[in-house]
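The next block holds one structure in the form of structure tokens; read it before the comments.
Note that the chains take the letters A, B, C and D in the order they are written out, and that residue 1 is the start of every chain.
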Amino acid sequence: MSRAVGLHIAVLAGLALAQFTLPEYHHGNLARIMVLAAFASAYNITFGYAGMLSLGHAMFFGAGLYAAGLAAEFGGIAAPGGLVLGVIAGALMAAVVGVLALRTTGVSFMIVTLMFAQAAFLTVLYFGEWTRGDEGFVIASDMRRVLGLDLADPATRYWAAFAVFGAVMLGSLAVARSSFGRVLAAIRENEERTRMLGYDVFRAKLMALAVSGAMAGAAGAAYALLFGYVGATFASIQYSILPLLWVLTGGAATVLGPFLGTLLMFYLIDVSSSFTTAHMMIVGFALIGLILFFPKGILGTLRERVVPWLP
Amino acid sequence: MDFGPYLLLASLEGAVGAAVLALTALGLSLVFGVMRIVNVAHGEFYMLGAVIAWWVTSMVGGHPALGFVAAMVVSPLIVGIAAAAAERLVLRRLDYDPEATIVATIGLLYVIQQLALSTYGADARPVAAPIDFRVQFPWFGYSGYKLCVIGASAVMMLAVWLVLTHTRVGLMMRATQHDPETARAFAIPVDRVYAGVFAIGAMLAALGAVLIVPIQQAHYLMGHDPLLLSFIVVIIGGLGSLRGTVLAAVIIGMSDGIISVFFSPTLAKILATLLVAFVLVWRPAGLFGARPA
Amino acid sequence: MAAMTLLETHGLTRRFGGLTAVDGVEFRLDEGEIRALIGPNGAGKTTFVSLLSGRIRPSAGRVVFAGEDVTRLPAHARVMRGIAYTFQITSIFARMTLLDNVRLAVQRRMMRGWRGPDARALDAAAMAVLDRVGLADRATGIAGNLSYGHQRLLEVAMGLGLRPRLLILDEPTQGLSDAEIAGFVDLVREIARDATVLLIEHNMGVVMELAHRITVMEMGQILAEGPPEAIRADAEVQRAYLGG
Amino acid sequence: MSSTTAPQAQKVRSAITRRTALKGLAGGAALAAAPGFVPYIQAQSSAPLKLGFQVHRTGIGAAYGRWYDRVTTAAAALINEEGGINGRMIEIVTEDDGTDPKRGAEVVEKLASQHGCDLAFGTLFSHVVMGSSPRAGELKLPYFVVSEGHHVASGKLNRYTLQPGITDVKSQVRAMAPWVSQNLGKKVTMIFPDYAFGHDHRDFFSEAIAAQGGEVIEKIAIPPTESSFTRYFPRIPRDTEVIYHVMVGPGVLTFVKELGEFYGSGARPQIFGFIDSLEAVDIATPGLEFLEGTYFWEGMPRYAPADAPEYETFYRERVGVDANGASVSDSKDISTYAHMFGCWETLHVIKAGMEAAGYQGPDDRVKLIEAVEAMTTMPAGRAHPQGDKVFNGKTHQVFGHQYISQVADAKLSVVHTASIEDGMYPDETDYTAQPF
């Protein structure tokens, strides 16, 4: 076991143990943060590793959220099935969007993903009869059970969030260390050269997007099932920008960066909202400051200066 | 209502929408054309323009037209200065890297929005129209001010066009757009051109907002929609093509009015959004833009 | 040399708007030879090899590689068939180590689907390639920090890592010192022992020294073709290219 | 995490007998009048009761949030002046939810777990209620919403979520139908935002007007992102007798102005709107002249009636609103008068409930809910300045009078007060059957 793998196992072990020591409030927060960090990790696959700046990841998160939510509401499909459906929905949506959007690069790619996400958001509103639009709906508590355990119970919820986040994080680690991950990095650095080394760049990007979509879908489904609410807000533009913010904060193309970024931004807003209403201004300044002074994020900067082996 | 008058009304509405949209999108397009960056905070400059217009008109007494004229001058000026400052403090330090700029302008978006909320507040506030008359058609009434907006916007766009094509400043802009390196070699102060273009782009958005604010109200979240629509217009029109932008604004503005006659409006918006995505996928240079070399 | 044909083109044409950059080219390349492609600037040489490697699509005509029509194959699939291309303007992964650069090439050859080779085999193969071009001692350095000449070598190493049947070198000696050029000539000879080499080259010394045959292009068409001596003697070539 | 479950179960049982006893006391007034009625005395604490206030300070709901905030502050000050609840002062712990359902859920957690609030209240926007309510239920935190949404009474939420301070949209809409059909016309065209809130209006009113022998002849749904509206108006059929409009959000004023421009000086149908379309907007705003003679639903009349009862004047004074519904400190700052009373009344219901339950601390949360569920009628008075009400303990929803006002001289004056019965509808759920 390399020290990189060891570090990640240690982080997971720390998270597993943390739940026995944390006060109730932070215990609940951490469960939520882990689910959102899974979303950020999904974003990191495309943005960090493959260098594709998407402004539409809310649609993949939303796909998972609604797949799980609608399956529970209308199909009577409970939590484990909902999670599987969420993963499938996220991956499928990413694949379809990818086939079209990957014909573009750079700024065009951002705008195409933004437009698709906006169309997806409006679609949720359009089918208000089923989705209840912006108001959303609450998932019945008997749908929120896994193996007889109630996901609303704090301990169960924590473990479920831990499982989803752990799977996504280890998945990211596997991608980062795999030959596939190296190809993604190569595409990010020099797409044309990578193509001329015989790699099918389009397929690799599509695959990255699908993996990312699956992870985002898992996070979305987990969010719906763990916190019991499904609503259009989660498919809005804001939820495409948040993962970008989290990943940038923690460090793009680092496996632990998305989690660190989510954790820090969560508490930044949580603490600042107690004494100012201008917490979104803090987010704004954070974005500007990060891109100006730490474009590589916290772990990216650390990797550059102190721990070059960090994946 | 009969179909004829219905279409007339939809067209009038479309024309007003197109007029303001063209002005706002022109700003975005200019910035993209010359600087090759996407300004996500463009909608917030628009909002800022409207909010400042409210402030100016509420401070100037007398006839509403007085305050409105003052707003026409003051609001774009302040917005322009704010934009130039943002350009100096942030964008230049990023060396106008396209992706970094997007991230930074998202940050700027939140900062401006929040600033408006904490100072101006959460209410939507009206500004009185400088002129108050209604045109009564046999089938419906229509605001005379709205008709004036169409004219005012056309005049301003003409002015922009004249500046770009017939002045030294315009020449410098075009030279910089064509090739910044060569422009520098010809002693064009590219840095200042960039700051100027960014400011002018924001000022155009502010102008559009001042025109709209007697029709709609100033509200701190009002920048969202113009941003999306401007994006759409600039893309359809061809990134960086000014003529395309204006043409696209007319098409989008008019069709937005008319499509919703036939479809559920929400469905119409979905279709329009998808259309933009597909245009970019299959014609990355937009409908009226030059094909890339 | 009773050689088999490795690559041929039939009526290969590429137009850009009104300009015909490559105009109905009939071309044949034998397995095992070193072929030089020369011609004045704007003759269509880079466009032509780009058509061969698949970086751009032809407007008309066909490309046949090792008996297979590859005209419709995308670039990456042609690389897998054995056509490697090194860029005219150095194109490497500047922020990665030399070893990582070459690994990416070697990995492609050794991959099954998305499953890569095991790390040790990959490292060994990549080091062997670096050794072949004489960069083994810099393997862990960052590629972007290399001198220009070494970057050109790294680029060739990436080509070699693919173990191609045909290696296309686009002006490989441009910007190299005389000493580097001499080393480079030796390297190409060594490569040619198990690969066919097609090289675009302006340095006539290198061309004369290396090429088995020379193809001369002008205005998108093949003007002449033959062994070095014959080309040197060809009056038309002299006029069009060598002395004008 | 849920170490309180076991002891709670026992208290539930002891509380049941109490509840039976309370029923005989006929409602809120009696409860409020008998603060000392506590069957067993728990350890008295002098620390203030912490009431968590979930408020929209930022985001799309900020304009409403500001007034909810002011009213809450005023109500809390009054309650404290009068000696607090069960002898303890109350402290309002405010957290901004950004009008966002995710943050809303987090705020509920924060109020419950970090601030240690006794309960949470005050949420307005439906999507925030929907996002937050499951968490409140899981944390076993009483959650009093002031949203006018039908979500509570529809049975979609849980036993811990109640709406005792404001009538829900279904009831409001139903109460309008008889008067509208009898006085304005039977052929109605509805204009509403194309999302859940608008759909509720569409569905409930269509049903209610049909029951009155009327008919909705056209339904015009406007996308929530829309900022100009004129092009939708031609879809209003010519034989329309009544236009029913309800819009929310920053575009509302534009909507109303453009409706006026559209009809201009020509003949127009009767116009009936929900004041949501003009909440926090001055009726005397230029461009709104055409509203003269049109009608509005009001949750509570914005302009003080000449014969205003003492408690109405008292309330108006305490929340700092003048006779025109504007802030006393700034006549341009119009209140959200038709909705904000909900915060005031909710706090008074909480007070009555806590006193009835002998509430001492978080262990008594179940008793508090049972005490509120036991409430039936709430007489008009300082605690209920909007008017008397009937609370339905099964559906956790309160029902009150609704007002219809006509615009005259750029002011609203009440022309009809709908009875509570007009807004009643059959129960759709029974929360009391749910376990705690």
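Keep in mind that, in the parts below, contacts are C-beta pairs under 8 Å (C-beta built on N, C-alpha and C of every residue); 3 or more make two chains touch, one makes a residue touch a chain.
Protein identities per chain, from UniProt: A, B = Branched-chain amino acid ABC transporter permease; D = ABC transporter substrate-binding protein.
Treat the numbers as computed from the prediction; the structure is a model and nothing was measured.
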Next on the checklist: Quick check for you: compute each chain's CA centroid and the global CA centroid, then name the chain with the smallest gap between them.
Outcome noted: A
Checklist outcome for this item: Greatest Cα-centre separation from subunit D belongs to chain C
Checklist entry - So, what's the distance in Å between the C-alpha centres of subunit C and subunit B? => result 50
Checklist outcome for this item: For the pair subunit A and subunit B, the C-alpha centroid-to-centroid distance in angstrom is 33
Checklist outcome for this item: Separation of the C-alpha centres, subunit A versus subunit D, in whole Å, is 36
Checklist entry - For subunit C and subunit D, what's the span in angstrom between their mean Cα positions? => result 76
Next on the checklist: Touching at least two other chains at once: which residues of subunit A meet that condition?
Outcome noted: 122, 125-126, 277, 280
Next on the checklist: By the touch rule stated above, which residues of subunit D touch at least two different other chains?
Outcome noted: 58, 194, 223
Next on the checklist: Quick check on subunit B: which residues sit in contact with 2+ other chains?
Outcome noted: 114, 117, 264, 266, 269
Next on the checklist: According to the definition already given, which pairs of chains are in contact?
Outcome noted: A-B, A-C, A-D, B-D
Checklist entry - For the complex, which residues does subunit D have touching subunit B? => result 58, 60, 62-63, 65-66, 194, 221-223, 225-228, 230-236, 238, 250-254, 257, 261-266, 280-281, 285-287, 333
Checklist entry - In their complex, what parts of subunit B are in touch with subunit D? => result 1, 5-6, 9-10, 13-14, 16-17, 114, 117, 121-124, 126, 128-129, 132, 134, 136, 140-143, 215-217, 219, 221-222, 224-225, 257, 260-261, 264-266, 269
Next on the checklist: Quick check: in the complex, which residue numbers of subunit B touch subunit A?
Outcome noted: 38, 90, 93-94, 98-100, 102-104, 106-115, 117-118, 228, 231-232, 235, 239, 264, 266-267, 269-270, 273-274, 276-278, 280-282, 284
Next on the checklist: List the residues on subunit A that touch subunit D in their complex, please.
Outcome noted: 23-25, 27-29, 32, 122, 125-126, 128-129, 132-139, 152-155, 227-229, 231-234, 270, 273-274, 277, 279-280
Item to check | List of subunit C residues in touch with subunit A within their complex | outcome: 53, 55, 74-77, 79-80, 84-85, 87, 91-96, 100, 103-105, 107-109, 111, 114-117, 158, 162
